[in-house]
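Following: one structure in structure tokens, then a few remarks.
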């Protein structure tokens, strides 16, 4: 892997981690477990459109692992891994269908899949089907949060790419 | 233009997310009908629920009253009158009229119950660890020597003074909650409240013959062996107070030691009762009775009831059967299948 | 721009289905409510039938209690207090509140058919 790419991915992982930790510190807006903005998703969506799936996966899972470690909540790791994996798979598959102008859609699907993954693990861990009752609320919140992070990612990508174009034009 | 659309969509999303989900869990309760307030006092959780226009003033007056009485009667609070009495080193201590009155009542009950109620058991209770939670079984010798330091008859009451032999300690635990309930009810009345119910760590006391809707108060009696209540009782104004071994106990070497001690033996009372409930007009009377009835056992309790006749009771025996008195026969209902015996005069 | 329209349609559909599902769940008759209060102040009022799983952390003077709600059962799973009586109480019963005296925390069923239970 080129040093350039490695540096960029490392930097992005750090960024995602910081966002993740900062968001953890914010008070819960809605008293339902799992409802959150998922701001770190901005980085994931950006990566999907900028790097290969393998590279994105590296970034995402380092972030999840380190995030669980730093927050000291190892129980949450399984939820994050399941959610992250499902979210990642869905986004990679849909990447071809949605171009850069439709990043938001990818993000929505990603967020929704993330929540579905979490609920699935919750059902297994807690041996309780009742947890399914949270799904509709999580789906709605996933749609909205996904839309938000997707739009953020879209704006970020737009800026970064235009700067890159300017730079290459200067050269 | 496109960017503005994107940005505004993003902002709308943020706003939506912060308002989505379940309704916020703010304190509910219907303010039009009743108000509740709670305090931690006398080692337990006390709730006052009052109805009517003056309910809020009433609730705060009642909770203040209970906090005040706790400061007066606490065994552990160094500022309390009881603490002062216990640490007078054999001398006499001046106490307030309220304390003197309650002490006098407790001594009367000691006599009336043939010693089943004894407020001087504190040193023995401490030896068993029931006051601290560090449970242990004291040996016979230790109990015997501690019992020498007990005996409510050794307490002498003067004109608002108490004299306690050195080494003796008193603890109003068996009557203080009931008396605090009486005084809280009085405080409620003073504020103009006509209808209220108090739950003082399981002691139920009511103000008003019925609830505002005209129905009687429906009180459950805890099932010592299962979940929920074993029976229900419809009552008017008064007190329903239960004592049971299930409240606090510990197990050692396969034997269960319950927290209600028999003053005669200094060991957990083994009277064959799982719980005893006293129903009457006065909180302190029922509080004292429930402990005494539990210690006395079914036979002793029946004897006491026949002698005094100014209260009703529900005894739940260790074999699961129930004994009740005729005064509550009509309003009493079992919620578990059990044998029921009604005592008649 | 057809791709975009499809995407919007899918998202809207997803939202609509979840919303209907939400409403359906919310229409169920209210189940039993529990009240968690500290020092006499109500902190949470939770409908058990609509809360399949949730853990709640409550702090008191730097000490923490964790309450777990699962499948309609409520219990204290963690308490930074010396006696742990509240944990030993086990699951919440209709007549007996779970009380953590040192941390002044009380969990109890709201209402019920009885006005009170003598215990």
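Per-chain residue numbering starts at 1, and chain names A, B and C are given in the order in which the chains are listed.
Basically, a residue touches a chain if its C-beta (ideal position, glycine included) is under 8 Å from a C-beta of that chain, and two chains touch if they have at least 3 such contacts.
Here the structure is a predicted model, which means the values were calculated and not measured.
Enquirer: Of the chains shown, whose Cα mean is nearest the mean of all protein Cα atoms?
Expert: Smallest centre-to-centre distance to the global C-alpha mean: chain C.
Enquirer: Which chain has its C-alpha centroid farthest away from the centroid of chain A?
Expert: Computed centres place B farthest from chain A.
Enquirer: With centres defined as the mean C-alpha position, give me the chain A-chain C separation in Å.
Expert: 28
Enquirer: From the mean C-alpha coordinate of chain A to that of chain B, what's the distance rounded to whole Å?
Expert: Comparing mean C-alpha positions, chain B is 55 Å from chain A.
Enquirer: Enumerate the residues of chain A that touch no fewer than two other chains.
Expert: Where chain A meets two or more other chains at a single residue, that happens at 31-32, 104, 137, 140, 147.
Enquirer: Going by the contact rule already set, what residues in chain B reach two or more other chains?
Expert: 22, 25, in rising order.
Enquirer: Any chance you could list the residues of chain C touching two or more other chains?
Expert: Touching at least two other chains: 50.
Enquirer: For a test of understanding, state which residues of chain B touch chain A in their complex under the given definition.
Expert: Against chain A, chain B makes touches at 3, 6-7, 9-10, 13-14, 16-18, 20-22, 24-25.
Enquirer: Can you tell me which positions in chain C touch chain B when the two form their complex?
Expert: Answer in residue numbers: 37, 39-40, 42, 44-46, 50, 82-83, 85, 93-97, 99, 101, 104, 106, 113-119.
Enquirer: Within their complex, state which residues of chain A touch chain C.
Expert: Touching chain C from chain A are residues 31-33, 97-99, 101-102, 104-105, 108, 112, 122, 126, 128, 130-137, 139-140, 143, 147.
Enquirer: Once bound in the complex, which stretches of chain B touch chain C?
Expert: Residues 22, 25-29, 37-40, 43-45, 63, 133, 197, 199, 202-204, 206, 211, 217-223, 227-229, 232, 240-242, 244, 247, 277.
Enquirer: Over in the complex, which chain A residues touch chain B? Could you list them?
Expert: 29-32, 35, 37, 104, 137, 140-141, 144-145, 147-148, 151-152, 154-155, 158
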